[in-house]
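Going by the order they are written in, the chains are A, B, C and D; count residues from 1 in each one.
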Amino acid sequence: MIRVKIFNEFIHEKKEETVKSIYPDGIHNTIADFLRSDDVIVTTVTLDNIQEGLSQEELDNTDVLLWWGHVAHNLVPDEIAERVKNSVLKGMGFIPLHSGHHSKPFKLLMGTTCNVNWREDGDFCRLWVCDPSHPICSGIDRYIEIEHEETYTEPFGIPEPDQLLFISWYEEGETFRSGCCYKRGYGKIFYFQPGHESYPTYYNKDVQTVIKNAVKWAAPDYRVKELICPWVPKIEKK
Amino acid sequence: MIRVKIFNEFIHEKKEETVKSIYPDGIHNTIADFLRSDDVIVTTVTLDNIQEGLSQEELDNTDVLLWWGHVAHNLVPDEIAERVKNSVLKGMGFIPLHSGHHSKPFKLLMGTTCNVNWREDGDFCRLWVCDPSHPICSGIDRYIEIEHEETYTEPFGIPEPDQLLFISWYEEGETFRSGCCYKRGYGKIFYFQPGHESYPTYYNKDVQTVIKNAVKWAAPDYRVKELICPWVPKIEKK
Amino acid sequence: MIRVKIFNEFIHEKKEETVKSIYPDGIHNTIADFLRSDDVIVTTVTLDNIQEGLSQEELDNTDVLLWWGHVAHNLVPDEIAERVKNSVLKGMGFIPLHSGHHSKPFKLLMGTTCNVNWREDGDFCRLWVCDPSHPICSGIDRYIEIEHEETYTEPFGIPEPDQLLFISWYEEGETFRSGCCYKRGYGKIFYFQPGHESYPTYYNKDVQTVIKNAVKWAAPDYRVKELICPWVPKIEKK
Amino acid sequence: MIRVKIFNEFIHEKKEETVKSIYPDGIHNTIADFLRSDDVIVTTVTLDNIQEGLSQEELDNTDVLLWWGHVAHNLVPDEIAERVKNSVLKGMGFIPLHSGHHSKPFKLLMGTTCNVNWREDGDFCRLWVCDPSHPICSGIDRYIEIEHEETYTEPFGIPEPDQLLFISWYEEGETFRSGCCYKRGYGKIFYFQPGHESYPTYYNKDVQTVIKNAVKWAAPDYRVKELICPWVPKIEKK
């Protein structure tokens, strides 16, 4: 059983009619709906209940945390961002989505700006699979097509990924490293670019498949309770 | 002083009028012309004189080897491919160009198929810079534009690059990892995708800049004469 | 069910009394004995039946191939080494053991010399775990101790591992990257240093645990039948 | 001309007689003495003048920053740590030494704990060169010997290094990844383990050579003034 938690700042869906019409219950609930299964338990958290939802106890009982944020990264308290970072280092899986490239926990874990170049014109977007044998790409053909997406382009201010799984092509001429795997501490991280709030990206079956796969991939086999830097005695000779 | 050697199979330019009209003296001489400088000595070698041109002595006196091959990879003798591989492992720089992804030395050094998906329709192509701070990208703006190129697309059957510098965008919808850095043994390798024989790619100033930069980057500071797996004595205690 | 095949050149055990006394049925059978389980089927192959045992059909029906060779690397036919390499690129797992660092298939897959510095004095050896959260390290404490091993030391002529899992300490003063993970094509590779024929290393419970873990880790979810470099048509616009 | 700045917390040397006797003018001045040359200008900064010494203007005029800290990491203000991090991302080289593995800027840049296991018994230590062809290893033989060092051991809580250059062997049985290269943003980072305050490590000629080499390696060719995440217009079609 994988215990998934989805954080969504949940602002656009309340304030903007277009977004509300696409995700009436919030992006988190749309993602929760396709993730829930016999093997996956899902809980959600938004800015409204972030203190309880991302308490240490909650994180200790989360296998994989998904993160959607955009206009309100700064409203995530620093101590929660740090707590999420440390939970990943202790083994929790972490999947920042779309504008989550600029979320506090992702930036803390990468150590870099995670900046992109961007424009929003609803470009058609095609994500190419670089490694069809990777479990995150299972069930995906040569590429994923998304009718409309926000355009992100290089340079993407990240450390070289451990493995690059997807590269995006945008109809007006850009490319972007849109699916990136990392190990940090004992946790696995997968950044996945699709999911702008103004488009129904999370209803795309292939996007759903990738996120489902990523949850399985990121779920930990091993976790520690504390992050320590211990003094150790000399090893005794036999 | 950097001693560059350019290998070109030199077949298309002799047999096909279009190619001949673009590269009347062969691709190798066009590349040689823009590489030669006060700091760079260039020699060339083609299939016609490959035995002499890529002798061990010649390779020992080469700092960086560029490689253009396409239809005649199989005419490169295995022992020469092996010799080139070993020269790279001893420290020589190596820059396979375009269809050189399928050259014997590159495949030997990568250990993989180096396969691509491909089509040839003269697509407009844009190569995006992933790391503007890398010396190979010096002098290049956000991207390089090439009027017409052969289209290569993912999956590209290579080991994850040590650093990915360029990603290509093709007007009909593909992307490709088109500038890839590797260290193998003591040698540096840079694969660079542009350069189909039917288009005047090597006259493109940005393409020339990248190749000039790559030559400087790949030139060795350190080389060994032999590749050995030596027995060593116990280190004496003081 | 994981279908494991163990190749052992099987020469030392027939010619040298010491080795015979440790591994009377050959190293392959000792490894087979601890690997066999409800989930793992094991077959073995030696130089004596290498043509049949490593036929294409056999490899197509192997999930993970273990490889032990030392004095007779050159007796492995080139076409078999190439076949093994290609099977890995198509998805088969591959675990070269100890002096298998110099086996033909491993060298082909790495593209480098895989040279080491070495001496054989029966040093006490301790392998430190770099990432306790990796599935290959599951069940191992901070380190593995081996009473006597052959000493390998740096520089180890390999590409930078995708992930380094073990570093060896030898009592007379050396270190070595002794557990190295790679992805090549669609196959996973784990090089593991312990296992000199003169010492009973494969009876060490921790060594057995690592090899069992590595088999599970390297078993493929995805395989292809052919390695192709296909022409592809333009993607049709909608 | 490379402009080096050395930060040293400068506490042990003032409070502990042993340390004072080894580094009477502080570790920073000992390092400065061997780094200064016709090509290298050195300035130093300690906790006493950290606000002025690590001001934005000073960092903008620093090519490579070395960092020695141990007991007073917490006295480095967060905004200065952040400023150093951002300067590295903009291109400045960064060389954390020894217990600087736990310095705020290094931890920020790595995104991980950077924890180690450790003990202090003055062990003899030998650092093995993994890649003699790397410019940081230039002039070093197979290994570096240090009479007495603090012992750090695995697991070291860092992201997999871009390249691992040194592995340490300690006489009582440990190993450690003691020379690690990273690129983060546009800056190069080299972590180097030797340098405990109680031992005269920075008088060791080989240690000096490595640090001198690292300074040259980390000095930037390229820097940006700002870290931006810009909106970009559609690229105009020709």
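We take it that a contact is a pair of C-beta atoms (placed from the backbone, for glycine too) under 8 Å apart; a residue touches a chain by one contact, two chains touch by 3 or more.
The structure presented is a predicted model; accordingly, all values stated were derived computationally and were not measured.
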{"item": "Reaching chain D from chain B through chains that touch each other, fewest steps", "value": "1"}
{"item": "Pair joined by more contacting C-beta pairs (C-D or B-C)", "value": "B-C"}
{"item": "Self-contact between copies chain A and chain C, residue sets same or different by half", "value": "same"}
{"item": "Inter-chain centre distance, chain C versus chain D - centres from mean C-alpha coordinates, in Å", "value": "36"}
{"item": "Distance between the centres, which are taken as Cα means, of chain C and chain B, whole angstrom", "value": "32"}
{"item": "Chain D residues counted as touching two or more neighbouring chains", "value": "117, 126, 131-132, 153, 160, 162-163, 173-174, 183, 185, 235"}
{"item": "List of chain A residues in touch with chain D within their complex", "value": "85, 89, 102, 108-113, 115-119, 121, 153, 157, 159-160, 162, 172-174, 182-185, 227-235"}
{"item": "Sites on chain A touched by chain C in the complex", "value": "91, 126, 131-133, 135, 138, 162-163, 183, 185-186, 220-223, 235"}
{"item": "In the complex with chain D, residue positions of chain C that touch it", "value": "117, 126, 128-132, 142, 153-156, 160, 162-164, 167-170, 173-175, 177"}
